[in-house]
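A short write-up of the structure that comes next.
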Amino acid sequence: ADNDSDSGSDAAPECDPVQIEGDAKVSLAYDVGGRGDQSFNDSAYAGLQKAATEFGLTDTSEGEAGQDESEDVREERLRNFADTGHNVIVGVGFAYSEAVDTVAPDYPNVAFAVIDGFDPTEDDVNCNVAYLGFAENEGSYLVGAAAASQSETGTIGFVGGVNNTLIQKFEAGYTAGAEAVNPDIEVLTTYIEESDPAGFGDPAGGQAAAEGQYADGADIVFHAAGFSGTGVFDAAVAADKLAIGVDSDQFLTAGPEQAQHIITSMLKRVDTATYGFIQSVVDGEPDQGFTTFTLADDGVGYSTSGNFLTPETIATLEDYKQQIIDGDIEVPTAP
Amino acid sequence: MKGLTPRRVLDTVVGSLLPPLVAVVAAMVATSVLIAAFGGSPGSFLEVIFSVPNDRVLLSIINQSAMLSISGIAAAIGFRMGLFNIGVEGQYIVGSCAGAFFAGSGLVPGPLNILATLVVAAAAGAAYASIAGLLRVFRGVSEVISAIMLNYIALTMAGYLVTKYGQASGYTFTTERLPLDAQPLGFKIFPDAPGDVWALSSLAIILGIGYWFLISRTRFGFELRVTGESETAARASGVNTKKMTLLVMALSGAVAGLVWMPAYFGSVHTFGTPENFQAGLGFIGLAVALLGRNRTLGIFFAAALFAFLSGQSNNLQSAGIAKDVIDITQGITVLAVVVAYEVVGRRRAKTEAERVARQLDAEREGAAA
Amino acid sequence: MSTQQSVSAEVVRARTFRYTWWLAALAVIVVISTVRLYTGTDRITAPGTLRAAIIGACPILLAGLGGLWAERAGIVNIGLEGQMLLGTWGAAFFAYHYGPLAGVLGAALMGLIGGLLHAIATVSFGVDHIISGVAINIVGLGAVGFLAKTTFDDLDGGGPRNLSGYSTPPEFTVPLIADGARSLADKHWFVISDVAGAVAGVTTRLSVLTVLAFVLVAVTAWVLWRTSFGLRLRSCGENPQAAETLGINVYRYKYVAVLISGAFAGLGGAYLAMVASSSFTVGQTGGRGYIGLATMIFGNWRPSGVLTGALMFGYTDGVSLLSNSGAIVHALLLLVAILLAVFAVLKVRGGERVTGFVIAGISVGAFVWYFLSETVDASFTGMTPYVVTLFVLAVFSQRLRMPAADGKPYRRGGAG
Amino acid sequence: MTTIDVEARGIGKRFPGVVANHDVSLHIRPERVHALIGENGAGKSTLMKILYGVQPADDGQIVIDGSPVSFTSPTDAIAAGIGMVFQHFMLADNLTVAENIVLGAEKLHGIGDGAKKEIRAISERFGFGLDPDTLVERLGVADRQRVEILKVLYRGARLIILDEPTAVLVPQEVDALFANLRELVGQGRSVLFISHKLDEVRQIADDITVMRRGTTVGTADPKTATKRELAELMVGAELPSPATSESTVTDRPVLRLDGVTVADESGRDLLHDISLTVHAGEVVGIAGVEGNGQSELVEVVMGMLRANAGTIRLGDDDITRLSTRAVRDLGVGFVPEDRHRHGLVLDYPLWENRVLGHQTSAPAVRRGLVSRKGARADAQRIIDQFDVRTPGVDTSARALSGGNQQKFIVGREMSGNPRLLIASHPTRGVDVGAQAAIWDHIRAARREGLGVLLVSADLDELIGLSDRLEVILRSRLTARFDPSSVTASDLGEAMTGGEAA
């Protein structure tokens, strides 16, 4: 992984690696939905599983967030893990950023990580917290290029769950990638919600948004809308058009009918990040500060299951990928 | 009060304490049956719910019940006048948003900022509630329907304002952080536990007493209650019910505007959806008011019960039960308690009628003799 | 007695009313078409937009009809939201295990159970209708969360809070008409293309559940106003004591009405989980039950009114989910401004000067906003359905007439 | 049409704390008008509801044509040929005449054109002039009553029960009703007719049964029984009379209306150019058929309605634009026409009801705070002075009988020595004892200089209590009478727009 802690604000002071006591005991604190969501949370769990088998971890635990829960409930979840002897605690989802920031100083011998996290108090760095981020824009760039390469109408779409800067990162990369292939391409953009997180759990909204884009001429639609994405796939099936999945390889998890319309997925390897973090702890050098998982370390990428991408497309994507890794292409993070 | 016979006392106890008790038990039983019906273990459900919470959870329960109490009081003010202010949810979002923007701006220095912010939050809540009040009084729009619409609008508006005028924080936006000098110290009741009872949680007690005094002692409160019981009688007695509707709606909204202030000043210090803001308190407040029969003590009790159940439900995970079951328990409690009060109320009316008739008969016989 | 005279006057008034109504509808279409051509936003009446409107409208329509059934019998059912939620789970669960038909029936059944709870509380125990409804909404949300975790977690395609991969009711496209209308719509002609857009929107990939929803509007109207069952049911909402003295078992009719109400709400849930999308997720109703209630009030407790309200809401909701919706909403702003101006003139001429001037003021505001801006911020387009509903209620609420005994507790033996 | 013979034997019915009926026996012979009389609360309505199956009897038997029957719901009674018109009409305003009539009897002629044809036919036969498609809300009282009777006839009832049908009718309408009843009896039906008005009873009835305190105390022959005999049977004592003795009228005006006009939203006049003066020590009675503007007259004085033109003065104060609160504060007591809706909060204890309407004045309220002590003490005073029968000030108003509720209201409205009392139907639905007590209190206050504006539908009360009578007809004051010389029939004619005046 590309450890940003030195490339960033170089605020990172003399931080000694956290010394956990005894064997690693890992806890995952899930976002709303918890394990079984076939996406974000499940991916983190897969990382834990892999680490558990490889490193022979026996004592692991999980907890999940509820709807409309308050900040102190999240904090209590983390403290409860720490109090019961867990010394590696991963908050899955950026909603845990504040809670981890508050709790971490009280448990200096526990290694914390927040996936998609950020440090809400940047002038006051916690040495025992790792923020695991992803270069979603890079992965999105590639699927944008894929969409533009295989679009027949010259119009493609993007459906975001909630219009926040995280999802805008997907949009920015996607648009840039598409325009790189075809400068005249038209990219339709719809956000299901402007700020209400319900946008990630609204399949009807996803379906309506995607149907609108297909009706307006798009033939490939990329979604970054969580569970609402199933609605996007439904729309693709109904319109007999194509779609691009997100986070995990959704060709593998979607229903058989939907899978036939998912030409690729933008991979965001939460499992890799989780596994990597646990590994760093087991290795005695727990990650600290900001870590961004990029194309270079396969932290993000694209899938080819189903063989929808033509060899030419794949060749183009691989070319772009190399250029991004080499720094020849600078992928924007905001639209 | 005169005539405090043992019989009366028993009546009061049976009449006001038994129904909630029966309701809670009934709700627990119903939830357990449901869990068992789907192959879960009601035993572990009850075990988790009735386990002793640790100090931190206890603190959280206290703080949550304070906020729920305020929300309940906001709803109760409307209920007492027969206004169903389902808009508490939207009003407290608006109040929280306005308050946090104001406090974060640091326009007023130091601790005075707290007071000023409370005024701003209450005013914003009142103003927002007044939209529903005005629509009802001047256009005859049911406050229930307009408030539902306003709830959605509030959420969207708050999101818009924070995105447009707030600052980036991670992937979303929040208001500016509350200046340090305006962060009040809480009550450290457990020295060993992190966190405290938020300073402004005491607002619940102040508002509770104020509400009780207003409703049961003042002329305004009397007129408010009369309007709720019989609008026609109120009007004939000289109450301007339109003005009353506007005032009460605004008052309810003002209290609603304060709902989240304890959390804001106590721990969160910034407003931004969804992470930094706890939504949903307004809806539960309605249930709290209903369960507490719109009485101060009842509201405190109901808020504590709801906060306790929610606090404990976070551990249901370990028992393999979805924590959502606690909503079922809460909903059934509300339903059961109103049924129980209804039954008790009918009984009471019957016994009172009998008592009056007996007395009259005795008088008649006395006169005949 | 001058009854004879008043009869004919009434008949004439009814006829004039119907005639004016058609004329008004036509005028609105002309205005819409003009606005479309003037602003160049063909999408406001494109088949896709109208299809989205219908899909957005149906769940609300079903909930609104459910509310109508209950309130016509005198029971306010604010628990529609909870019953609808139960319906989403019922649809997913039964469709997953037993196929789409079972899904639809299961959703209705789950909604009906929610209705039963409401009926027991309000009819048998005389609990305040709104209290019971609020409680049912809380229970509904909790039950759906609990049931999802217990029954969907281990399924293929399932998770603790969601399920997909079950089959949904069939869809069909009306042959010839759909294509014909679509090609007409694509011509962007004045008025003709707008109407064709609507026809194409309705006839393309029409789900049988959509058909059912519209059929239920007619069925509701017919049963409530043309059968003796409906007459009895409505009498329970107008004056239950009177009904009782004529030997009608008021409790039974109230029960039946609330059960039907719950079942309709459940169907609304099925629509969400089977037509508007093909997946279930906890809380996916997103307040549509409440909106259904609002459309019922907006629709003056009449099926046709509920339909109008639901379509209006569905349309604004659908538009807000189109890409670049800001431009469409911007065009709609002009439409609203024009309609308001016309309305204001009518009001002032009808003698309601104050109301007329207020509306005129708002109209001017809309014009100013339209001409000073290029587009409408996405946050505001999301609010459109709610703002429009609020606005329409504010303008028309005084003409509304709810059943006389709606929401009032009733107990047997109190007649006389 | 076959005739019907109905007999009630030893009927008993208890409500919590009240024996509404005990050992009630009654024989309604075929083709007769049978009158049932008795004071308020005697148990008449209860008996009728038992006969009609609305409420089950605790004891006794109903025998029809010689065989005992048992009714569990009105359906059974209807099937047995019994129909009932209730004291308070049982109509759904928002349904049409036809819908109200066919409701519950849809099997007879459906709910469509067949039913409407039948309704028109019956309506024509009796000259009711009802159109089946009219909404009931558009109908006046007399028409509503005709709808009620049509409902009964439509079901082919052989016994028609009418609970106080004349209470809301003017004399001319009563005559029309009686003509209809005669015709019905002529067709072989029986009529059971409840009334307090003894003249009417003697005019129409073939048989009379008298009830007192829940039981039947005797029968009488209308041809021979005198009004006094009947009254004494009813009350068990001599009848009180509202006659006022000496005049106490002064020349000091307390209330003066000058050209007061009130219009509704559509511009129709609810009150037109009303000028009226009430002097201290004077009772001015307003006579009129319900719905001619008397409610509006009261409301405009009380500030519950706004006058579009004219002035209203209380003493020297202009109160035209004042709120109800301000009007009350200037010394106006108000006994509203509907005590349950406007006079009381039924679920509140009496002491809290004492505060009602006096929220700005001691002893109930001091400096914006409700004084429990003051209110309780003063409620007790009212209970004592006005002989309100109740266990105490903590009893809820609902638990009191109508008469006692009304006495409490009158007592409350007279506290604080008002200058003017606005009394709407102060003794409506109140038993004779309470009625006499209320009259006495009004008279006593009048002697002390109270001005009273009295609205009543009870002509005896109006004539007996007033110093001057004004007739209100179609929103205007159309005639003035001296109560000492006017007769009820003159008054009735003026109220309906006849020749007199």
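Brief remarks follow.
As written, the chain order gives the labels A, B, C and D, with residue 1 at the start of each chain.
Keep this in mind: a residue touches a chain if its C-beta (ideal position, glycine included) is under 8 Å from a C-beta of that chain, and two chains touch if they have at least 3 such contacts.
Worth saying up front: this structure is predicted, and the values here are computed from it rather than measured.
Shared contact partners of subunit B and subunit D are C. Relative to subunit B, the chain whose mean Cα position lies farthest away is D. Of the two interfaces, C-D and B-C, the higher number of touching C-beta pairs belongs to B-C. Spacing of subunit C relative to subunit D, judged by their CA centroids, is 44 angstrom. With centres taken as mean Cα positions, subunit C sits 31 Å from subunit B.
Annotation: 76 Å between the Cα-based centres of subunit A and subunit D. Centre to centre, using the average C-alpha position, subunit A and subunit B are separated by 38 Å.
The set of subunit A residues that touch two or more partner chains comprises 64, 67, 163, 194-195.
Within subunit B, residues 156, 159-160, 163, 323-324 each touch two or more of the remaining chains. Pairs of chains meeting the touch criterion: A-B, A-C, B-C, B-D, C-D. Interface residues of subunit D facing subunit C in the complex, by the touch rule stated above, are 45, 48-49, 52-55, 73-76, 78, 84, 86-88, 90-95, 99-100, 102-107, 110-111, 129-131, 133-134, 138, 143, 151, 163, 267. Interface of subunit C with subunit B (complex): residues 78, 117, 121, 125-128, 130-132, 134-151, 160, 282, 287, 290-291, 293-294, 297, 377, 379-380, 382-383, 386-387, 389-390, 393-395, 397-398, 400.
Within the complex formed with subunit D, the residues of subunit B that make contact are 1-3, 216-223, 226, 229-230, 232-233, 235-240, 349-360, 363. Touching subunit A in their complex are the following residues of subunit C: 43, 46-49, 51-52, 55-56, 145, 153, 157-162, 164-165, 171, 205, 272, 276-279, 281-284, 286, 318, 321-325, 378-379, 382. Here subunit A touches subunit C in the complex through residues 32-38, 42, 64, 67, 157, 163, 188-195, 198, 201-209, 211-216, 227, 230-231, 234, 238, 254-255, going by the rule given at the top.
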